[in-house]
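In this document, chain identifiers A, B, C and D correspond to the written order of the chains, with residue numbering beginning at 1 in each.
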Amino acid sequence: MRRAFLALLARDIRLAAGMGGGGGMAVLFFLTVVAIVPLGVGPDRPVLELLAPGMLWVGLLLASLLTLDRMFQADVEDGSFDLLSMGPLPLELVAVAKSLAHWVVTGLPLVIAAPVLGILLNLPPATMPYLMLAMLVGTPALSFIGAVGAALTVGVRRGGLLASLLVLPFYIPVLIFGVGAVEAAAGGFEGQAARQALLFLAAITLAAIAIGPLGAAAALRAILR
Amino acid sequence: MEEFFHMGGYAAYVWTSYGLAAAVILALVWQSLCDWRRQSSLAAELEKAAGGRVRRAAAPAREDDR
Amino acid sequence: MSLTAAQRFHAYANPARFMALSERLLAPLSVLTLLTLGAGLWFALFSSPPDYQQGETVRIMYVHVPSAWLAMLGYSVMALASAVALIFRHPLADVAAKSAAPIGAAFTFLALATGSLWGKPMWGTWWEWDARMTSVLILFFLYLGYMALWATIEDPLRAARAAAVLALAGAINIPVIRYSVVWWNTLHQPASVFRMDGPTIAPSMLLPLGLMAAGFTLLFFTLHLVRMRAEIMRRRVRNLRLARADEGGL
Amino acid sequence: MTTSDLRLAAHDLACIRGGRLVFEGLSFELAAGHALVLTGANGAGKSSLLRQIAGLLEVTEGRIELQGGDPELGVAEQAHYVGHLDGLKPMMSVVETLRFWGGFLGGPAEAADAALDAMALAPLADLPVAYLSAGQKRRLSLARLAVAPRPLWLLDEPSVALDAASVARLKDFMSAHLAAGGLIVAATHLDLGLAMAAELRLTREMAS
């Protein structure tokens, strides 16, 4: 079972990182979206500094939504999913492997790209570690919650749009505590407030990892059988 | 000599710039050469396997430009 | 002399002839690149005075300005080759366009990064949303988008067509970068580094800057040749594999 | 695998798809070493039946069991399914595809090479799937049957897009599986010339 899990994880990472995969595209999208903000609101440095944590998180959410719909859809369309569901892995673990692969190819690169964007948005360098830590803790939740949306819209035409609508409300807690952690750090409350927000973020991620695959597998069973 | 590396107090900026430039350029050169070596050895291997029977198909790009 | 101009043009486009010619060119070009860059570095680091206003940080200019120059040169080569590919169906043109992109992108990144490293001690900030920097950032995105498009379409002929259209559409950005300082006075900080645009440059700086720019340009063309050769080989591999699939039965 | 006493049994199956009754009251038994060939008009439910056995489609009524199999595993986990969709990724090479499925389905490491030979894919091993013709892709999906040993093969029109030589190879491949005590349920219009084959004819009348 472990061999099957690792094989699937490796394949999905390879497919997504390779030609036309969503990984690089999500980072590029993230860069573009955040770079557009100062053009819209003006290059005033204090304003940008104020907006930076929120904009970075919103950009991150949008970028990870963008690649969500292919998570199961690609395999369902070409018939791979039939074979995957006949394998030794329960669908729950298939969903875990797919969510994990999604995080590795989109979440992780986005976290790495974030400090560069922080510079562009005039985020104080001292808050940068908090930004990265918060994103590192928060992004797995996006992939694992997103898996449920991706599973629910599998087989739906233009499913990406629908998946975004379904998933966004569930992303809100991540957004609130993610921005909270960065703002608390920026406001000089490094100790208490920032740590509290980070702990909440970690709790959300753990819950998402526990519940997301169950929901995704249930949705896939209900829709595809 | 020490003064040279000190760069009038801006050592961090100046040397990071040059270091970054060197790193990016070397990476680019290395990647280009690796790609060339890989592709040409692959082509040689395939050509040998094909044994000259598919010379026509081995011509790169478009045929109508001949 | 019975060949028309177009035929002669295409004769040089023959990949086999290109491969032979480029192979002979590569060694002398590499040596020349190394010599020029070496001389440029010597003058840039040792044999030029610090600027009376900017001090030693002015030495960042000797990598920053040539990088920015290559960022524009790379895109110009790419756009020009794309135009040739679209109009004349020149077989080497899309190879040339595709191979220029990663080099241009790398130097655009360098221009942005070294600009940032120069801006911090001079302006006290890593980044400023002025017109010049913003348009160079957009140039960087254009490069990345162009490469992503190539990577997404599997068939090189179709990818070349689509990418060429994108490259030409994005070419508008080149004059924008060039004249951004003039056009968007509102955004631009007058005390910026880019007063280099003016003719106010000391001869003692002109020599290292010129040498470095020449060295970078030579490096660009050397790398471009290597990458074009690799790209031609990649297509040969693709064709050989397709032929193999044809042979392998239905 | 000890397949001698394996037996696939379906009792009183019914299938409803999209509100339409496809078939009902369908029962059959299939012993080890035997093949069941499903025939019938389009829409008679051949594909639906195969997908029900593979656990890919809900069994509206009745039950399917593999007697004498591994009690820990369901029918689907002891079956290979080759359907209309090829389940192939254009950017993976032929051998990578087989290695992945071998790894995923828990087959032995050397099985991928055996699978290559089974459908004469060795010359194409390192080619990306994108370069393959329709027939070659079909051969690759069939080669997947050999990456991990599973007793029950469920084949939906396995000979589509295959040339005469490949069809002959497929027959040998299937005969060898039966001879080793495997079971095959196949929907096909083609006479596969299998020795131990029975026919199950699905008709629309069964739905009434």
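The rule we apply is simple: contacts are C-beta pairs under 8 Å (C-beta built on N, C-alpha and C of every residue); 3 or more make two chains touch, one makes a residue touch a chain.
In this text, all values refer to a predicted model and were calculated from it rather than measured experimentally.
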Can you name the chain that lies farthest from chain D, using the mean of each chain's Cα atoms as its centre? C
Roughly how far is chain A from chain B, centre to centre by C-alpha average, rounded to an integer in Å? 33
I'd like to verify one number: the distance from the centre of chain B to the centre of chain D, where each centre is the average of its C-alpha atoms, in whole angstrom. 47
Separation of the C-alpha centres, chain B versus chain C, in whole Å, is 14
Which residues belonging to chain A are in contact with no fewer than two other chains? 19
Chain C residues touching 2+ other chains are 154, 241-242, 244, 247
Chains touching one another, given as label pairs in label order: A-C, A-D, B-C, C-D
Please name which positions on chain B make contact with chain C in the complex. 4, 7-10, 13-14, 16-18, 20-21, 24-25, 27-29, 32-33, 35-36, 39-40, 42-43, 46-47, 49-50, 54, 57-62, 65-66
In the complex, go through chain C and note every residue touching chain B. 10, 13-15, 45-46, 50, 55-57, 59-60, 63-64, 67, 89-92, 95, 102-103, 106-107, 109-110, 113-114, 117-118, 120-121, 157, 219, 223, 226-227, 229-230, 232-237, 239-244, 246-247
Under the stated contact criterion, what part of chain C meets chain A in this complex? 116, 125-130, 134, 137-138, 141, 144-145, 148, 151-154, 187
Complex interface listing, chain A residues touching chain C: 19-20, 24-25, 28, 31-32, 35, 38-39, 43, 45, 48, 119-120, 122
Touching chain A in the complex: which residues of chain D? 51, 54-58, 76-77, 79-81, 83-89, 91-92, 100-101, 103-106, 144
